[in-house]
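Worksheet: one structure, shown below.
Should a chain be cited, it is by its letter among A, B and C, assigned in written order, with residues numbered from 1 in that chain.
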Amino acid sequence: MRKAFDTLVLIFIWLGVCLVLPFLGIPPKVSLYLFLFFVYLALANSWNLLAGFSGLVSLCTSAFFGLAGYCLILLSLLKVPLWIGFIVGLISNCLLATLIAIPTFRLSGIYFSIGTLVIPEAMRIIFFLWRPIKGTVHGGGAGYMLVGKVGMQSVYLLSALVGILSVAVLYWIVNSEFGLGLAAIRDNQRTAEASGINVYTLKLRSFMISACIASVAGSTFYLYQGYIEPASAFNVKWTMIAMLSTVIGGIGTIKGPIVGSAFVTFLHFLLARYGTLSLMVQGLVLIAVMLLAPQGLVGLLGQRFWPKVLEDRHKA
Amino acid sequence: MMLSIEGLCVSYGRLRVLTEVTLHVSQGEIVALIGANGAGKSTLLNAISGFLRPESGRILFKGTELSGLSPYEIVELGIAHVPEGRRVFPELTVMDNLLLGAYTKRARKRLKENLDFVFGLFPRLAERRFQIAKTLSGGEQQMLAIGRGLMSDPQVLLLDEVSLGLAPVVVNAIYLALKRIRERGIAVLFVEQSVKKSLEEADRAYLLEAGKVVLSGSCEELKAYPAIKEAYFGVCET
Amino acid sequence: MMEPTPFLMGALLGGLYALLALGLSLVFGVMRIINVAHGDFVLLATYLAYALFTYAGVDPFLSLCLLVPAMFLFGFIVQRYLFSRFLLRSAEAALIVAFGMSLVIQNLHQILWSPMSRGLTTPYSLKALDLGQVFIPFTYLLDFLVSLGAMVALHAFLSKTFLGKAIRAASQDLKAAQMVGINYRTVFAVSFGIAMVTAAMAGICLGLTFPFNPQSGVSFLIIAFGVVIIGGLGSMIGTFLGGVILGVAQVVSAELLGSAAQMLVVYALVLLILALRPQGLFGVR
């Protein structure tokens, strides 16, 4: 109880600091990177919820991200208020998650991973072919911007809110009965099932929450960026960001994504000039971290994560 | 003494499973390892064959320290482990299973000889040599597992619960085969659920309880112990 | 009534798809990991063949002589020194590392070769066989023959040689395999090496048949996975039939829906089979 109170206090202080920052007159470039930090944080938590707490290594984060962006921008072109665009994005992604679950939850985790790999690719092709509204940017995208100006400050505040909320959601889940069920599933799905846990429902719930987090992250991002096109919306780089941030920080921890996202944001800052190298460097960093410190920076402080043995895997 | 274990301690993480186990098996002996479930019998066999790293103690095979070696190196040296649950290669034929038993360089030199011996020991395997292993009956699979172990040309044979789930007739046939294996000069160490069976078939036995050797000696001696009689035969000495 | 050509072409293509899936299937069967970087490894061979062809004028099939041992060594080393470290931890760890490798290679290709689409165009790649009713591009036929040859050779290796049987044994029961003296590290590394050899052959054939770009690896992976899903594991016939089904589905849908949508049909098929019959149509395990 004491621990929960302490954590809440910390979160509030942090919230306060973040919300106040833009008003202290920091240069726009810095607030851009802070903005990105929060978006990355949300993405990381979205992925962490699945891989770290539910035993599902998802490769379709970019699908949810891009779909949210498309909902927002396409609807804005139809003169629909932005906040409705956010909500439609949420609903669409929940639907998408439910659909994806049908084929991918069947067998072991590896089938889930490859099944989810298919989705962003499919989305890219779908949005490349489907041009519901005549867009001004090649690729079915659209320039956007409607009622008034959504200033940088507002977008920044929104991203801070989204990022912090994503941490709060994860924290709340992990310390709930729901989270306990997920932990059981992650450890051994068959045993969990035998103990009466409704595995499918819990996994689906987790998957949908993860999709929602990625969804608001996507809507927020495209609110800032203002235009969208298929190849970059559903690009694997979003999944990579989510994965790298979580792995560097520490999968299966609450603090991990926070530390990891900060690291990845900084990395992007360094690589800003070397666009083509960016993904390669991130890939190498990912491999290096997995080799040298798989528990991540936070995990190094004592949390064991994958105590599995070669033989047990083969038995399954 | 072919196989000599001294003061062996094995743990699973923080859980101590074997404590100061000392035993030995010599050439031409059949030794039984008896005890209740969870006493550590399978753990001991897995430690010998290299699947578990001991915390402390020594496992010596003809003077060579075994702990720290990989399972395949231990097979190459001359110890064969027939695991609990038979574990034949289900999709391969009987023949392929046996041939694979002779995978090591040393075993391949005596492949023909050992194959003849195995077929002589278990004629049923010879009859079904091209049958897929998973279609064999439980008893036949057990024979195949033992035969496969013999194909590695071992000097020590470790057997884990060979009678589980088998009809008494089949079990007797298997123990008969063990005697012939002993005649060949191979040392046999087996883990057996049935204490009665163990004391009948073995020369010596070790009783394991909660990871410690509590009794040992020749089977004749052990049969007389009231503890054994009472606990396992259900006979009460008044 | 449709012409027979697309069906025949699809079937021939299916042979190639089966070859593409062989490596993935072998690695999964033995090591229980899906190499998410498989498609990119295949593409690696394609670009290497392209380089040899463009700068040294070496015919792609001839470059196999160089690429086969090179890719085998590459696979052996990657498995022995990289993936093996993660097998002991968990399948998720191996997946993440493979994902990282996949992106590194994709990006590498992008830097070396630019995102532009390329193709291996040899003098014979534009020829076709006109058999009256049907019209078969020469490359499709070559692909099929190469694939068939590779599958027959692999099957023979797995069923007749000691090492081949050891690989099969290790994929069925790893602990029991160790108990007969099989060094699983060697078996794993050899399996991965063989997988890379088939990947090299598939890569060259694919490069001859279709245009490719740095992102093609993902499509290759999904096709390979689709074949494994449809055909099931543990059966080479199953893999072959899975390839044919996928190949026919793709070519026929390209005819009906246009070339942009053909991959969508493939993806939909993969998801459909996953939903309805995940163990595949012909799976043994």
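Keep this in mind: contacts are C-beta pairs under 8 Å (C-beta built on N, C-alpha and C of every residue); 3 or more make two chains touch, one makes a residue touch a chain.
Quick caveat, the model's predicted, so the values are computed rather than measured.
Taken chain by chain, the contacts run in an open path, each chain touching the next and the two ends left apart.
Of all chains, the one whose CA centroid is most distant from that of chain C is B. Ranked by C-beta contact pairs, the top pair of chains is A-C.
Relative to the whole-protein C-alpha centroid, the nearest chain centroid is that of C.
The distance from the centre of chain A to the centre of chain C, each centre being the mean of the chain's C-alpha atoms, comes to 31 Å. Put simply, the C-alpha centre of chain B and that of chain C have 43 angstrom between them. Distance between chain centres (mean CA atoms), chain A to chain B: 53 Å.
Looking at chain C, one finds that residues 173, 175 touch two or more other chains. Residue ranges on chain C touching chain B, taken from their complex, read 162, 165-166, 168-169, 172-173, 175-184, 234, 284-285.
Within the complex formed with chain A, the chain C residues making contact are 28, 32-34, 36, 82, 85-93, 95-97, 99-104, 106-108, 110-111, 173-175, 218-219, 221-222, 225, 229, 260-261, 263-264, 267-268, 270-272, 274-275, 278-279.
By the touch rule above, chain B contacts chain C in their complex via residues 49, 51, 70-72, 75-76, 80-83, 87-92, 96, 99-101, 103-104, 107, 148-149, 151-152.
Against chain C, in their complex, chain A makes its touches with residues 51, 55, 57, 59, 102-104, 106-107, 109-111, 113-115, 117-118, 121-122, 125-126, 128-129, 236, 240, 243, 247, 276-280, 282-284, 286-287, 290-291, 294, 306, 308-311, 313-314.
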